[in-house]
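Paired with chain B in one complex and with chain C in the other, chain A is shared by the two complexes that follow.
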Partner chain A sequence: MRRRLPLPFLVLAGIGAAFVVLPLVALVVRVPWGSAREALSGIGASTALRLSLEVSLAATAISVLIGVPLAWILARVAFPGRALLRALVVLPIVLPPVVGGIGLLQALGRRGIVGRWLYDAFGIQLTFTTAGAIIATTFVAMPLVILATEGGLRGLDDRYERAAAALGGSPWYVMRRVTLPMIGPQLAAGAVLTWARALGEFGATITFAGNLAGRTQTLPLAVYQARELDPGGAVLLSLVLVFLSLIVLIALRGRVTGAA
Partner chain B sequence: MKKAIGVVSLALLLMTAACSNNSSTSSAGSTSTINVFAAASLTDAFTKIGDDYQAANAGTKVIFNFGSSTDLATSIGSEGTADVFASASGAAMDTVQSAPGVSDRQNFATNSLVIITPPDNPANIQSIKDLGNPGVKLVLAADSVPVGDYAREALKNAGVSNAAMKNVVSNESDDAATVAKVTSGDADAAIVYTSDVAAATGNQVHSVPIEDQYQVIATYPIAVVTGGANATGASSFVAYVMGSAGQTTLRTFGFGPPPTS
Partner chain C sequence: MGLEVDVTIHRGDFTVRAAFDVADGQTVALLGPNGAGKSTLVEAIAGLVPVGGGSIRLDGAEIHELPPERRPIGIAFQDALLFPRLSVLENVAFPLRARGGRADAARAAAREVLTELAAGVPADAKPAKLSGGQRQRVALARALVAEPRLLLLDEPLAAVDASGRPELRSLLRRTLAGFAGPRVLVSHDPVESMTLADRIVVLEGGRVTQLGTPEEIRAQPRTRYAADLVGVNLFEGTLRPLEDGAAALDTPDGQVIVALPAGMAPFPAGAVVRGRLSPTDVSIHVRPPEGSPRNVFPGTVEEIAILGDRGRVRLRTTPPLVAEVTVGSIERLGLEPGDEVWATFKAVEVQVMEQTPAPDTL
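Moving on, here comes the complex of A and B:
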């Protein structure tokens, strides 16, 4: 049976859809297809794409490595200040990335509170390096995998884990063989979202790591620099990012949106 | 379904009408506004000039949009909301002059280049030639930005272009971002405008002069943008910048007088 929807509701939904879709359509319409090849090579698109993949994948791996244990603690261990810590670790989602970049400079820059020591003791400078770009990107993207994993753990029926423990499974064994497989889908969705966010990271990276082709200039930074002298190339490169992100979301097959 | 589409388009129409209505009342109200698009390097000087101008012309509001001149020139072409354009390069002004067009174009200031380093000068930069020394972490504005272009020209003049380009660790989006990389202490050196050093407060940076024979002088043009909403206000603001009050302020902020030709 077809349900009838109230008309004003349809109207608002239509405006909502048009609002999101219009800029994307405009990108497709305005792409200089004829000169696409020259435009992309002129702004070093392949270098930026390769670097973007490296940086975003590394940031995702680090996010999973340190974010999942953190989510675990937040979900399972009661300790004073847990609510505050939970708020702090997801803060980068709502923070302007440039603020994150400035914070990272104060912490890990050559004169930062930790970075000063890294530089003086080991001669390590993170700013202006690919490692710096990975750190900035991780800072911004990691909260997504933390949120997803913590949500999965909280929604878990802990009887399975208790049963496994009662049958003699060590905590590490229970974690690996029972808990992780059960929250696998949420963890995977969180990791993919983290990767998508990492791919689009701009503000923290340019503020903390700078902008140099082949070293710190990821796709979004290349788009930003190209927009001045080569707006057509910027449009083209934007479209590359749109499609990469779209593929990620489609690959998640509704896990993010909740649809089947 | 057809009806729904009709209502949607009507609603969109109403929304856009309401929005455009809003903006036109604000510019045609009792207070007149002058939209000035100006090079990022002019931020401090023009903010002061704007305050002085508003004080001298009650009921007029000067709204600034500061950014890289190249970037501003592009957005003037596509948005058409500027009354006045003050550029750090003739090339960016040429872009606006060809479309949408300008009138009353004249040079109003010059700016020279200077090397800045962190206060302790970690790479021991004494001359522009030292920027080619191995291992110097050099930050420049991107070559699409006027100051980045001028800086590359100066390095070429000094004959250290190749070596210095290998030392570049970041291409920044404007001179303010370039200065920030030095004040944070992460870059060893940068080439920016003399006016940027006047703007950087206190002793956050150490400046090293560029020898006269390698120096590049930037000439700043200003003009009334054709098709702006407030042509009268625009001409009056341009006249104010060219006048003694405007010129005195520019001098205070490290700008040189316009070339006499």
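Moving on, here comes the complex of A and C:
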């Protein structure tokens, strides 16, 4: 028998779908296709795109490098304050990114509690540099790979790791040859999500690293700047971001959306 | 030198206390019901569970404080536990590479062991593609590839379906025989233990309840569990002499009449004794028996197992009994599980032995 659909639900679902799809359709409709090339070069789109890729990939690499060990500690080692640390580590997911940016300024800015020392001792300044943009982006995006990895580790049958130890594997060897390969799919999904989030990062970056073309002006920042001077270009850049994000979701093939 | 185990292991509220030795070239089976502590004991030997007290020595050297990867042990697990993301070949090469061996040399050695133990298993397949029996063969190869000093096999046949078992069992027998060091086999299958082991450690509730050769345990099971395993009826209780020279053996499950052995000094009153009754001495009747046998137990048939031309009939009586009769009489009596029957045996058939206190004397 065919499932009979409740009409009010259908209407509400339709509104929901339209609500999500309409802005995307509007972007496509409003793109100044005729002058696309000039618009893009005029606002330094290729520079912003290249910088965006650099910053987002660097942030993803750092997130995996330090986030995966952190996830392992959170999943496997019992210590006082673990619940609190877990909450703090994922906090950037729900925190307004601008708040993260202000926190980073207070910590790593030229007059920040650590940044002052970095500047005085080594002459290192992170604000208004590409490195600063990478740090701000990492702060916001890293929780995604931590959550995915920790989930993977918690779901892992630890008998395999115990077997590996009994068969002569040192903890580090077991981690490399058994644990990480077994959580590979979750780790990869977490890394891709982290990268996608990094690509779209705006608030923390503009707060901490500023909006300097060629140094800290990633695609979202370029869109933000172009929206007044060159609305058509802003639309075009937005569409580029939509396109990149869609590619990420397709690459994940349902790991995030839940479809098999 | 071999393996010398004398340990106490705490796991939450559960404590395992065991002492036994395994000489080079000898197989000891740890036999016991589920939850007896067999796997815990093996994990302690492998270093996966900390030892609360006592020591584990291998070739005279204490190993119980070494981390697991530093113990010269080869181990195969119940569910094989092949690493799912590594190929069969890389699984077998793992113990060598983990100990710092060169990748190509490790693979060559792995290939050699695989040819010997798991010919026909594709070396580049992932474990998920293998059958239960193939997985266990690969696990066996992985346990042996690094030429360990001690071989631990934790229920190697449990996850293999019945059709694959005989072949794997004979491979297991050859593998054990070919291994020069001490070998420990965990099992809850009495047939497996009896046929593969030189000695058996019976473990119940975290304690060793009996230790001996399969023949010794078959001849003189000391607990109800061991008696059930070897299919012998065992009555344990206090003896109360009757007027005519017979005696009543009062067990928690009911009373059995036994004949006191002639010329034997009388047991002290209240002494705990054991009576052993061979299943072949138990008769089954489908009507109340004629005459006046002194041991008559009404009950029902619980289970019938045919072994060749003999049938082992488990009876739900008080106390519970096992009878072994010919397949012919099972057919003649038309026995089926659930049937109402009467079991009888002669008082003189029960062998009475005084309970000896410690199992270590065996």
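FYI, the second predicted complex is superposed on the first by the 255 of 260 C-alpha atoms of A that agree within 3 Å, B and C clash if a C-alpha of one lies under 4 Å from a C-alpha of the other, contacts with A are read in each partner's own complex, and residues count from 1 in each chain.
One rule holds in what follows: a contact is a pair of C-beta atoms (placed from the backbone, for glycine too) under 8 Å apart; a residue touches a chain by one contact, two chains touch by 3 or more.
Remember, predicted model here, so these are calculated numbers, not experimental data.
Enquirer: Which partner chains sit in contact with A:Gly184 here, chain B, chain C, both or neither? Use first/second/both/neither.
Expert: second
Enquirer: Identify the partner contact of A:Tyr173: answer first if only chain B is touched, second if only chain C is, both if each is, neither if none is.
Expert: After superposition on chain A, A:Tyr173 lies in contact with chain C alone.
Enquirer: Of the partners chain B and chain C, which touch A:Pro69 in the superposed model: first, second, both, neither?
Expert: neither
Enquirer: Once the structures are superposed on A, label A:Gly155 by its partner contacts, choosing first (chain B), second (chain C), both or neither.
Expert: After superposing on A, A:Gly155 lies clear of both chain B and chain C.
Enquirer: Quick check on the superposed pair: does A:Gly214 touch chain B, chain C, both, or neither? Answer first, second, both or neither.
Expert: After superposition on chain A, A:Gly214 lies in contact with neither partner.
Enquirer: Tell me which partner touches more residues of chain A in the superposed arrangement, chain B or chain C.
Expert: B
Enquirer: So, does A:Phe128 touch the first partner chain B, the second partner chain C, both, or neither?
Expert: First partner only.
Enquirer: Output check: A:Gly16 vs chain B and chain C. Expected answer is one of first, second, both, neither. What do you get?
Expert: After superposition on chain A, A:Gly16 lies in contact with neither partner.
Enquirer: According to the stated criteria, A:Pro96 is in contact with first (chain B), second (chain C), both, or neither; which is it?
Expert: The answer is neither, since A:Pro96 touches no partner chain.
Enquirer: Following superposition on chain A, which residues of chain A contact chain B and also contact chain C?
Expert: none
Enquirer: Would you tell me which residues of chain C are touching chain A in their complex?
Expert: By the definition above, chain C touches chain A via 43, 46-48, 67-69, 71, 73-75, 77, 79, 81, 83-86, 94-95, 97-99, 142-143, 146.
Enquirer: With touch defined as at the start, can you tell me which chain B residues reach chain A in the complex?
Expert: Of all residues in chain B, those touching chain A are 3-5, 7-8, 11-12, 15, 68, 70-71, 74, 118, 137, 139, 142, 144-145, 168-173, 181, 184-187.
Enquirer: In their shared complex, at which residues does chain A touch chain B?
Expert: By the definition above, chain A touches chain B via 7, 10-11, 14-15, 18, 105, 109-111, 125, 127-128, 206, 209-213, 215-217, 224-225, 227-229, 231.
Enquirer: State the interface residues of chain A toward chain C in the complex, per the touch definition above.
Expert: 159-160, 162-170, 173-174, 177-178, 181-182, 184
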